[in-house]
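Here chain A shows up in two complexes: once beside chain B, once beside chain C.
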Partner chain A sequence: MTPVLHGISILTDSPTVVSARAGALEFLLANHALDCPVCDKAGECELQDMVHKYGPHKGRHTEKKFKFHEKDYALSPVIIKNSNRCVQCIKCARVCREVVGVNVLAAIGRGDHQEETSFFKTQLDCDHCGNCIEVCPVGCFMRLPYRYKARPWDLKGADTVCAYCATGCRMVMEHRDGTVLRARAQYGVGVNSETLCARGRFGFDYINSPERLTTPHVNRYGKLEAATWVEAFDYIKESLMGVSGDEFGGIVSPRYTNEEAYLFQKLVRDVFKSANVDSTSRWEASGVEAFAAAAGMNEGGVSVFDCMEADTVVVIGAQISDENPVTDYIIRRISAARKMNVIIVSPRAMKLDSSANLLLRVAPGAEGAVLNAVALSLVPDKTGGYAQTADIAKDMIDALVAKLKASASVAIIAGTEFLRHPESCAGLGFLKDSLKSSGKKVLILPALDRCNQRGVWEMGAHPGFGPGYAGVEKRGKGTHEMLEAAMDGGITSMYAAGVDIVSMFPDAQFAQKALMRLKFLIVQDTFMTETAKMAHVVLPGATFAEKEGFYTNQEGRAQIIRSLLPPPGKAKRDFDVIKAVGEIFDTGFGPKNPALALDEMRKTNPMYRDASLAFNNKRNVDNKLDIKAALVKAADAAPPSVKCAPAAIAPKDDKYQFALMTGNHLFHSGMLSKRSVSLTGLLNSAVVEICPEDAVFYGLKPGAKVIVKGAHYEAVMTLTVRPGSKRGVAFIAENYQDCPVNRFFKKGAGTPQVAIRPCS
Partner chain B sequence: MLENVKDEIQGVLKKYPDKKSAVMDMLRIAQREASGHLTKEAMDEIAGLLGMPPVEVHAAAAFYTMCRINMPAGKHRVWVCRNLPCSLMGAEHIIKYLEKKLGIKTGETTHDLKFTLDTAECLGSCGTAPMMQVDDDYFENLTESKIDEILAAKGRES
Partner chain C sequence: MDKVLLKKLGDPEAHKIDNYVKAGGYKALGMALKMPPDNIIQAVKDSGLRGRGGAGFSTGLKWSFIPKDPTIKKFLCCNADEGEPGTFKDRGIIDWDPHLLIEGMIIASYAIGAAKSYIYIRGEFALGAARLDAAIKEAYAKGYLGPNVMGTGFNHDMFVHRGFGAYICGEETALLESIEGFRAQPRKKPPFPALAGLYSKPTVINNVETLSCIPAIIERGAKWFSSIGPEKSPGPKIFCVSGHVKKPGLYELPMGTTLREIIFNHAGGMLTEKPLKAVIPGGVSAPMLTEKDLDTSMDFDSLAAKGTMLGSGAVVVMDSSACMVKTAYIINRFFSHESCGKCTPCRDGTPWLTNILMRLEHGEGKQGDVELLEGLCANIFGRTFCPLGDGAVMALRGALKNFRNEFEYHAKTGRCLG
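Presenting the complex of A and B:
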């Protein structure tokens, strides 16, 4: 290595340098397969580009080339490998270990016989994220679903944002002749840089699905039948004419763009004169207000990179490795490079545990109690100690408190468990206040699991607040109350835009019964979902790759998405559908297009007044990838303060050994990802996860079929174990069609209890 | 598989502050216990004992010529040094002669399971090139007749 000195002159393009490059490349090509004509990478291959630029255009090696193998071999259902093209840069193994943290690839052997592969080339049991493919400079690691489908120069792309979780990864979606073939990240672009997770990289293929809704459907004689837009709108007109506002409710998807959510809440509030608007089929409206207030979401955006500059990062109530994989990568990568505390409070073990220096395993829903106890220890004079939490040892709380006391700045990453157990939010707010009062800098980053959940709230798609958390004249009904009202006839008509209430509401039977009672249900979606099957009118919408607009990620970062394709068949962009429904009743309803909606939003919503939507394609220079101008600003108003009653605690029943938790599986996000062939190839049927100690204790075998029995529902699924999880906790993801986990839930009954026994 | 040598393993683990550092010792023990080679199962077991990802144990084993993966070895192992000084002094000829004499190719084991022939990078005895290592001993300044003697002597050992 030559140290840089003052006055040194460095030549990077002299004839000597160029010939040295050619020499190095000649050695790289000594064993290289040179099968560019059949290689997926040809056209965007770093080796090819280098050799094209510097030569050698003729090799001098006469020896027979060494070959690892004749045929490509698959390492996973989505990753296939040709080691003969490898240049032994070991980037794949390093990204796997240092960024993704699964550590399943390594350099086996040495010299020119060194092969980066898995343990004995066995099929990987990993995150299947494909980051090894992304970093591979040559065609050694390849996407199996994309292989031989296209050459890079055949593809047309659009720079957009992933529509699964709320990390907000920038990626390029590419299609050939109308079929979306590939999603890839770009080095140094977006919060994610060149990383993506399995969902983002492989989960886009639902866009091509033949099951997509391509035409409106109308239910006239007890059966949904294809219809024209005119028929559908006429039917909506005759059914909703004269329906009073109180009898109407609308729910918009947290995957819709901000423009669409803004227009939707305007439709419900201004056209239907109803206060009943919500944006989720899972969370209670009051829980959302409590969470937004505790997390200070109205105070503006919080960058994840600022969080990672804190002395201590607390990840609580977030199954971050599964729900926000790329946020997990960011935490792992940065925390390994600097001295900081990473504290994880969670019932389930997670991949990020290996980066943590304090782990607290708590019961599901106990996050609030832990935070309360910690906050009380920070300001002990209030009550002189803390209430003993159910099952957290005092020394663990003390260890956490000691780390917080020693930190000048604290970042708390609070996840969706706070929305499932909204009574925990009080603890979060309490801790934030006590840390602030002891002079510490506090940042709270909400970790959310739907791409635009934060955005649709800030657009006012909530019964308790309007755009920018502005107060509303009259508090409306949230999803929970709407369904209750539907049950007793208070609400007769609903408009569900992009939400699958039946599959997602935490009490499936109740949701189904309530929706059955409606006189009129409009469902707008891209697939015939369980909820759409119950609708009177089904309107075909568009996926994120077919519309223009912008999303706000969990940090509050406003990012534009771009349209890659037109919606299929007669389907329309959701903005146009919502606008057309509004125009049935009020021809002046608008804004008329997303650009005008953005203008109106900028004028009325102080959070978005200055948020920059300029797409920054700058290369990563300082590990920050942080475009501060894109973060939303503070709102003028705050979400109304609500008090969430503690959830009912089901009486302990010896019949049931496990408390049931839910969330998203690493390979899935809601029910949408179930339409992706690649992702269902990774995991299709339901699995229940417990800790290995419990499996041994109850005589259950991992991989075997078990019966999971709750008070209202039982299902057969496969058992998996996750070492390090809390005992007595079972986890079933919310993504299985064969076992909708929301059937285990009963409205108002708190955390469900289940029993697991072997399938005989 | 490593059940029989539990005590030895405990001793090895005590030698290092970080368990992972014991990987080479563990590979040596596992290879000794399984007729001179390392199986996938053994590496999996080592990974479990040391809290390492199995692929890292595999990578460590695959780096060293002493470790023989998934190919049972003969009673005696022969490594011929083929680094630059030995090659200049005729290591390639020595390898060919050994292959002919034993009737096997490099990397293979004789049918009577007596000899396994391998090559190695520099064994640190350049002054006496060409040379080879048989089990734990060095044999230097090799000639064809010297090799005949060595193999005969080793062959007589039972």
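Presenting the complex of A and C:
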């Protein structure tokens, strides 16, 4: 091996190089299956390209080929393997170990019998992320859902952004004759480069679902019936004429583009003259303000790569390996090559734990207490003032403090637990100030679970602030208050754009009752959701693959999404629907198209002053993944400072042994992923996750059906265990249709307690 | 010449520490521990000892590459993964005189400043591994190993690591990977093990025979050692003679003894009346020599001048009854079976060669097969990650060079010549 040295001259075309290259390719082809006519990879195969370019163009190998197996075998519901095509580059095993961190692929056997596969070649119990497929240069690892559906040259693609979590992975979506068939990452493009997670790579197929809404629906005599757009708009005009001010409320989805969110809040504020606009049905509006202020989101974008240059990275309140898998890859990949601390504070174990050098297992919602204790220890004259954090061992706090003290720069990755337990945000702000006052560089990266959550906030779709966190004249109602007002008649009409309140509001019964009292409910969505079923008018919208616009990811990176297909049937792009609804009441309502909306945003919102979509989908000249120009700038205003009272603590009841946590599952995010055939194939029914010690203690068997019983709801589901999680914590993801976890919640009652017993 | 390495061969009680000490064992260790480490390295350099594993690199020079910084951990590894067909010399030392190796290793560790050393022994050597384990236990009990060796303050621990039957583990960096618990595949070099070896720490890897020479060098002096054999590669050498000779076995002779002397004076001559046809001088990867080269002196440089190598000193003698196509086939089959799979030319090239040779041997050869073999050899040689692929090609090229007519006859008629 010759190391590259300064001044070295490298010949790439000398006779020796040419013959060595052709010789190596000839050897690779010697045992290669050469079944290009039926191979999914043919047409974009690196081996094919190399042989085409460098030869040999005539084969000398006439011996019998060695075959690993006659038939391809599936390694997972989404991964299928043909080892006869393998070129033994071992990229699959390396990406699995070094980037994804599940370490389930390795080479078995020796020499030409060496095969990269799972142990015993059995079905994998892994992340099913398919990064092995992405890095495979030949057709050895293949997508099972895409198998034999198309040749690469049949596909038409568009560069876009994944619409699941807020990591903001760039990817190419490809369709053949109107059916979206494939999502793939591109080497060197986007924060993710060539990696994606299971949701991103396989979870797009809801776009092709036959259950998509293709026409508006209008409630006639208590029944939703298909209608025309004219009928729907007439009905809206008739019902909402004269409705204005506080009796109207609007909620927009964090999966809508910035342009749509901007237009939506304009519709609510300018057309209906109402201050009641929100962007989520899961969290309290005041919690969002507290989080945005504590995380300093108004100070502009924070690149994840800058965070990874810090001496210490603290991941807190974020189940990052499940909720933001590609952020997890970035942390794993970079921290393995650098001397740095990775500290994880969470109740549940996660895959990233293996990269951490300090783990704190805390009770759900105790993140704020930990941060407070740490911050107090950093202030010299107030040491020892954290006796109240009974749950966390003092030596763990001391270890965390020691690591922070020894670091010149600290990055905190703060996740959605801060929004579920907003009282924790004060601790986050306190720690940030303490670190700053002791002269350290501090970066806070919010880890969010919806693709444009940050964007819709910055567009002003929030009752407490307008675009760019600008102050509002009158504070409006958030989703919680809106539903309360609906309950007692203060709000009579609502417009839910892309949100499924009934499935997501943490108290399903309450949400249902409140919505029932409304005089008029407009739901705009791509599927007939639980909320849509209660609507007076249902407007069919578009998925992210069917619209133009841009998302702002958790870092504050503005990234363009591109339309791949027209929306199905009579469905329209959401921007056009919102505009049309506005035009019913004000013909001058606008901006009239997304490009004009961006222009207006650039003029009025200082964060997006320089927003440009020109840098998208380009490789940086210096080959780095971090495009700084895409980060949003600092705002002129800051989110109003609110103090969130600690949530009510449910009285300890011996009947219930577990505190219930919720969030996203690795394979599911929101209700949309339940419409994906591939993802439901990976996990279809509800599971409850506890730690193995608890399972043994309570005599529960992993894999068996159990009854989870709370004060307000009980359901049967499968038990899973996760080694390393905190005892006394049960986790149910918020995405299961057979167990809507929000039914366990009671508004104002705090973290629910549940009991788990075997299903007899 | 009195024997240095094999003096205990055949003595059933020699492996016990009491007998070893009685015969003057561990005296060299006591002497060495009183010397400054640099003087030991200098003595080994002066002795002219060259590595007996095959490459023939100067042992003292190799040791001198180890950084002198005492804060850096260092390791010594003994390569006892003797796997080359025809080679069984290390076994003679391990089975019969394990303390000789252990003494050499402690001295070497002291010289380079290693607190831990490993003996990587091939899994098939069950007796050897058991003998080493027992010997190490004895050495600990007598204070030659462990903390404060012989009261000098030098601490040393020694471990036996059993392999699992892969020839590639004899490649030094693959051996290190295997000790670390990974799949045995060669590492890229640089960095060389002297800077980043076992667990990324400076490491010396020496052959059993090399390390076993150390006590004698310390005891009798570098000058005595360098007076044995030729000036450029001095010292005693174990030759493993096998094949068509009357007395196959291990022969410890001065380096530079001629092949003719080894075969006819020591090994008793040819087995039958059939004349000598070919002889492999240094393990199967060394190209073969013929009758006309029998007066070649068996040392690193003389054999290199003849286009072959001393390698492990495994002399395989073949008389006129041996078919060279079959020989080449068997040798190549070994290499293709043992290819680790890391790099393409070796992984896919050696099985291809084996397939062609098998066809030739089985009488299914085709016109052009010999040329194809030569073409493939050119594509493998020098283009592999480690010397395994090169070894396969060198062996085959040696056979093709001397006995091309046999290969062509096989291709044409499907039968052996003569």
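Basically, the second predicted complex is superposed on the first by the 736 of 760 C-alpha atoms of A that agree within 3 Å, B and C clash if a C-alpha of one lies under 4 Å from a C-alpha of the other, contacts with A are read in each partner's own complex, and residues count from 1 in each chain.
We adopt the following convention: a residue touches a chain if its C-beta (ideal position, glycine included) is under 8 Å from a C-beta of that chain, and two chains touch if they have at least 3 such contacts.
Fair warning: this is a prediction, and the values are worked out from it, not measured in the lab.
Which of chain B and chain C touches more residues of chain A: that partner is C. Within the superposed three-chain model, A:3 lies in touch with chain C and out of touch with chain B [touch as defined at top].
Looking at the shared chain after the overlay, A:120 reaches chain B, while chain C stays out of its contact range. When both complexes are overlaid on chain A, the residue A:107 reaches chain B and chain C alike. Of the two partner chains placed by superposition, A:437 touches none, neither chain B nor chain C.
In the superposed model, A:27 makes contact with chain C only, not with chain B. Shared-chain residue A:357: touches no atom of chain B or chain C. Judged by the touch definition given at the top, the superposed model places A:14 against neither chain B nor chain C.
Contacts of A:612 after superposition on the shared chain: neither chain B nor chain C is touched.
Within chain A, the residues touching chain B in one complex and chain C in the other are 106-107, 109-110.
Listing the residues of chain A that touch chain B in their complex gives 103-110, 118-120. Residue ranges on chain A touching chain C, taken from their complex, read 1, 3, 19-20, 23-24, 26-28, 30-31, 60-61, 63-64, 66, 87-88, 106-107, 109-114.
Interface residues of chain B facing chain A in the complex, by the touch rule stated above, are 40, 43-44, 53-56, 58-59, 62-63. Interface residues of chain C facing chain A in the complex, by the touch rule stated above, are 166, 183, 188-190, 336-341, 344-345, 347-352, 355-356, 359, 372, 375, 378-380, 383, 385.
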